[in-house]
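Input: structures, listed below.
Two complexes, one shared chain (subunit A), two partners (subunit B, subunit C).
Right after this comes the complex of A and B.
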């Protein structure tokens, strides 16, 4: 499969990475005001001239632009994103701490919403126009329009405050030295509400795509051919419709991953969940530009990887996209 | 031939299908009755909206109800199918009756291997294991003429050509050896050469399996070749039915007569103007209260719009006609006269021998993306060295199978394709796509009148656009000019405010022509302008083109796969094969006496609407399909399919296009003059 994967496609990904990194490099240098504040993350007014010169030399801002650009790439390859302006910690460490939590909740919510969206969407299309279809359709559209912070707060007020069955903040119970199975249970318990929020928000998109794609496929000539052969409902649905209908859903899922990452900024804040989204939120409120930039790169990389996976899955689902 | 006296295999009685949609109703089928005997071929002829496909889908239980309301009776071997539950129906369809559809491209599931799809019916009905089903699928593929069937069974549909896909569809339909095969326009999407192969295949299989076939088509030529009996449908009604020879020789319905009259035929002298059925096919949106054909019928008289004519026997022998006046029908010639062109035929009167467009050694190659690395220059040679001249006031017909490059030639003429090499000169100046006035001189009418017009523009805007672009009239005169153009193409100017979707296919093609004429061109390139249209409408558009030409002295390039239509309209004809011209010459000389083996084979593949085999001429069926245009055969490109190819010559040396007699060019080693043609191919 990988061998078949088009070189040209890989080159396209290369270009996207190049553009993303370049934008990330240029943005603080093009923004109005002193780039010093943006790159070194310092309140420039409070510095003496000597201190300023020192920092400039330190961060390489006195080098010509091309040199800075080359150094920037070097830093990315060595995983050196500089230091947080607020905490002074190496950014790469901060990301290493936060990323797993975000991957946990976005990954699980995406998997659940993919499964739920595909199954419910297929069912809905199969019952097109009947009450169950119309009910699901209405319900999903309503869910899609819910604001994420409101939904998160609703879940907290119900499950944590009202019934007290689930924790409302953090990823683990603080200062508890749980190990093994208990530790895992603790992690899952903390993840349930953020995952539920993200899942509820992203299922409608998958559902709507699957339902529409199913309806399209059901109208195809080859479905009529299958029926003319005497194929029964289940055979038509699983043997002929589902696989054809699922192809567009793969694309949507790859795009949704980007949304899911963006969604964590608010959801993790609502649940005080220590993931990358919360890091971004904190960085934005504290104008911690170096951290924001690094997080932006991680998000970009994640979306690119998701697209790459979708591209690799496509030929497996649809033989027409295999290059001979 | 089997008589209907045998117990019928299929009996359809008073079948009606009505679609109830929000805000509208369509009466697709209206009390249609017919029977099909075992091993018999019953052909149903009709245009779009006639209800022929809906009737067939109803037999197979493939019409969703609701929204459709299906009434009447459909009995297969005495068993009622209407009202049968899906589960029971599933035990019958695919096993006792099977269907082959029009579009082999879209009727196969793209994500499953062909072998698996053929075997599916066997797994459903005979409970075969996956392996046994596959083994049988390979046998079936082999039987329908797919080479190296065992490997091809593992191919996906997109790896098959159109003809092969239709063969695979037939294999799929026959898998469980049904008693009834319904073929809905099975050859319409295919080239004439491939069509001949498929027709032959179904006939063979029919004998072998003692299969009853219902063949639905609009092509009266194919019907004449295959049918024992024929039914003619229009507006959801069966207007006439009877034995094929009765329908073709002594039809007693004006509509049938009109259809037979309006198609150009290879076996009859060309006329100046095709007889035409006026008006457009009917879409029945309210309960019929009179004869559906009444509005277009030349015999329409008192009473025709007051009662629905029922099929009445004409003589004995099962011939039925649903016409109140079937006893008074005169000759077809009197009913649908040929008519004459208003100002005689241009080009015939005074041939202008100066070439208006000359094409020299034109090549258009399309690079193949991701082609094999060893041939870095892999390209589809859509046009590979074409030399042609087009004269003012004349029509050049371009014929050939799909993939032969005829559409690319048309697009190159209007500068939509950039030549790889070679030149196109208009009035002695090389074509310049950047020059507006230059572009204006050559206009195009496309095949699909539905998608080649901006749906958001009114007809008036569509026709006015070229006038505005080329500043051909001051703004305040544009409305008058548009009205004139609409009148010229036979559309009432007061319809100008309507949008494209409000017109029928034939009307839209008229609009497309008006738009082309609006640019005041010297030449119009028509790419398959009538092949998307109903039979009864084709004649109208062909006549219109001839009329416009005689009035304006326009040069026309008429690209078509339909050799009979080209014969009717063209003065000069060029035959193309794999990007090259293999023969060109005057229309009559070329059709009466084809020289190149490919031309002969093409002409022989055209079905003649004539039930008497002795009047149809010999059939040469071209084997195989068009080779890959990115890797054309060595020597003569046609040698791989040529019935008279000489080994050691044709596969080695490439023949030149030489003038074998005045105005007649042929590229074949075996043709050096009219006297020395290859003798073993005689069509």
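Right after this comes the complex of A and C.
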């Protein structure tokens, strides 16, 4: 049963990769306008005939479409994303430089919002219908409507400009040559505001799921049994209810991770944080399309890995779905 | 006796409050949305200046004649926000309509024909739901170019999957209800059954997910405009923030009149629709 299920999930992930790569391939070739401009991101009018021929040969645009498609897949499997047309650097190298920063801020913000969302959600469900629950619920619904970039700008205005206690841009102080503990402190200081922004944005999703899941679990028979056996208050809340209610939250967290990863495009732009999201923005505004495409594939891979991890964690968290 | 009474009294109050909260929030949402729609309709008459004209010195702080000061080229910021209401609401509503049409069509078909067609369609929905949303939005917007129509299309074709999923599960359960089975066994055609019995009963649910889609689309339009991927000619709240960011307004005291108000408006608009959606969803499936 599990194996069949797994195979179906894997097939689904395969389709997602297929769709993402095919979109990447087809979009610049189907859009109105010169595909050369959309693939190479160059100003076609300014090129000499030789330069143009060189780029066409380089990108294989003179080959038939199916041949280009096969070559495109070949390049992906060999990890060869080509070169940036702006900086001339290999794209793989650019992504390798940027990825750790994005992982740092998305990872920490997700960990914090998972903890906060689960705890507040459990508390809220426990106090169902009381003023504190309704207040929290209303507050979290409001937070979901917060524009991420605006939140980031406000945090900078307050913490960096008004009070001057945190840096407003970058991941490290430029040319400071800090080492050891000071260097670490510098990195943490720069990460605080982006992490805070991402955390505030992803907490409501976890909270709402946890609260709802708790309410469902509170109605189950075994909870009533535990209560009838005399286990009361906090013990039932954390020992029985929260433990069982947490399973759906794992799925939400995995999806959130994917979204949080994508959300960095905006948040990193606000904080000039040198991660993958900012790379996408730079590529889009500089019309460096190959870089944009490669980054999109990395984001897709990240979402899929997050989903895969959730699939693997699920039976571990919720033994009811385990099969021998 | 006395103790028992004081025990039950607050409980009853709590229960009454519990019932009322979604309605209260829904009314608040309704007031916000109505106000914004009125502002959008009468924007040209409400705005003190033409937001596309240079009417004063650039970077003016709030003062006489300019309640929120002026931007980097000397346009009146308040007028910009009032006129921007039109683009933000229009893009949100039209994009959500596009999403609803696609989502309802796919949801109804997938729910009514759950075997082959349905499972194929739902695979498609799952794929759309998994794809990294924001990067895809940006990639599409970058290739399509900057125009109002493209913004609407890009948002619409990316947010239909959630309405489709919700409508499908409703149709799936309606399909096996007695009266639908009765109609079908008496020889009603699929088309008749769908339009006469299925669609009217998904209307409330579809309205809920439509309103929620508007709330999301407003945020997405603002995000695209903030990244400089919106229509360069149209003023919207997101584009005001784009220029505030480009000119570094949030690094000066100007954040109080240039950054704060447009963000509050985006949040109010998105929240207004989200609250209405919450009240509707709570009516269909109470979770409080």
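List of remarks:
As a convention for this text, the second predicted complex is superposed on the first by the 314 of 324 C-alpha atoms of A that agree within 3 Å, B and C clash if a C-alpha of one lies under 4 Å from a C-alpha of the other, contacts with A are read in each partner's own complex, and residues count from 1 in each chain.
Definition applied: a contact is a pair of C-beta atoms (placed from the backbone, for glycine too) under 8 Å apart; a residue touches a chain by one contact, two chains touch by 3 or more.
The model shown is predicted, which means the values in this text are computed figures rather than measured ones.
Once subunit A is used to superpose the two complexes, subunit B occupies space that clashes with subunit C. In the superposed model, A:240 makes contact with subunit B only, not with subunit C. Of the two partner chains placed around the shared chain by superposition, neither subunit B nor subunit C is touched by A:57. Shared-chain residue A:119: touches no atom of subunit B or subunit C. Judged by the touch definition given at the top, the superposed model places A:26 against neither subunit B nor subunit C. With both structures placed on the common chain, the touch criterion links A:302 to subunit C but leaves subunit B unconnected.
When the two structures are aligned on the shared chain, A:188 is found in touch with neither subunit B nor subunit C.
Put simply, more of the residues of subunit A are touched by C, taking subunit B and subunit C as the two choices. When both complexes are overlaid on chain A, the residue A:284 reaches subunit C alone and has no touch with subunit B. Clashing C-alpha atoms with subunit B appear in just one stretch of subunit C from the list 184-192, 220-228, 238-246 or 256-264: 184-192. Note for the complex: subunit C touches subunit A at residues 14-15, 17-18, 21, 25, 123, 126-127, 130-136, 138-140, 142-144, 215, 219, 222-223, 226-229, 241, 244-245, 250-252, 255, 259-260, 262-263, 266-267, 270-271, 274-275, 278, 287-288.
Interface of subunit B with subunit A (complex): residues 57, 60, 62, 86-87, 89-95, 98-99, 101, 103, 106-112, 120-121, 124-125, 156, 158, 169, 172, 370. Contact residues of subunit A toward subunit C in the complex are 12-13, 15-16, 19-20, 23-24, 27-28, 31, 38, 128-131, 134, 137-138, 141-142, 144-151, 153-154, 156-157, 160-161, 168, 212, 215, 258-259, 261-263, 265-266, 269-270, 280-281, 284-285, 287, 289, 292-293, 295-296, 299-300, 302-304, 307. Residues 6, 8, 220-222, 224-233, 235, 239-240, 243-244, 317-320, 323 of subunit A are the ones touching subunit B in the complex.
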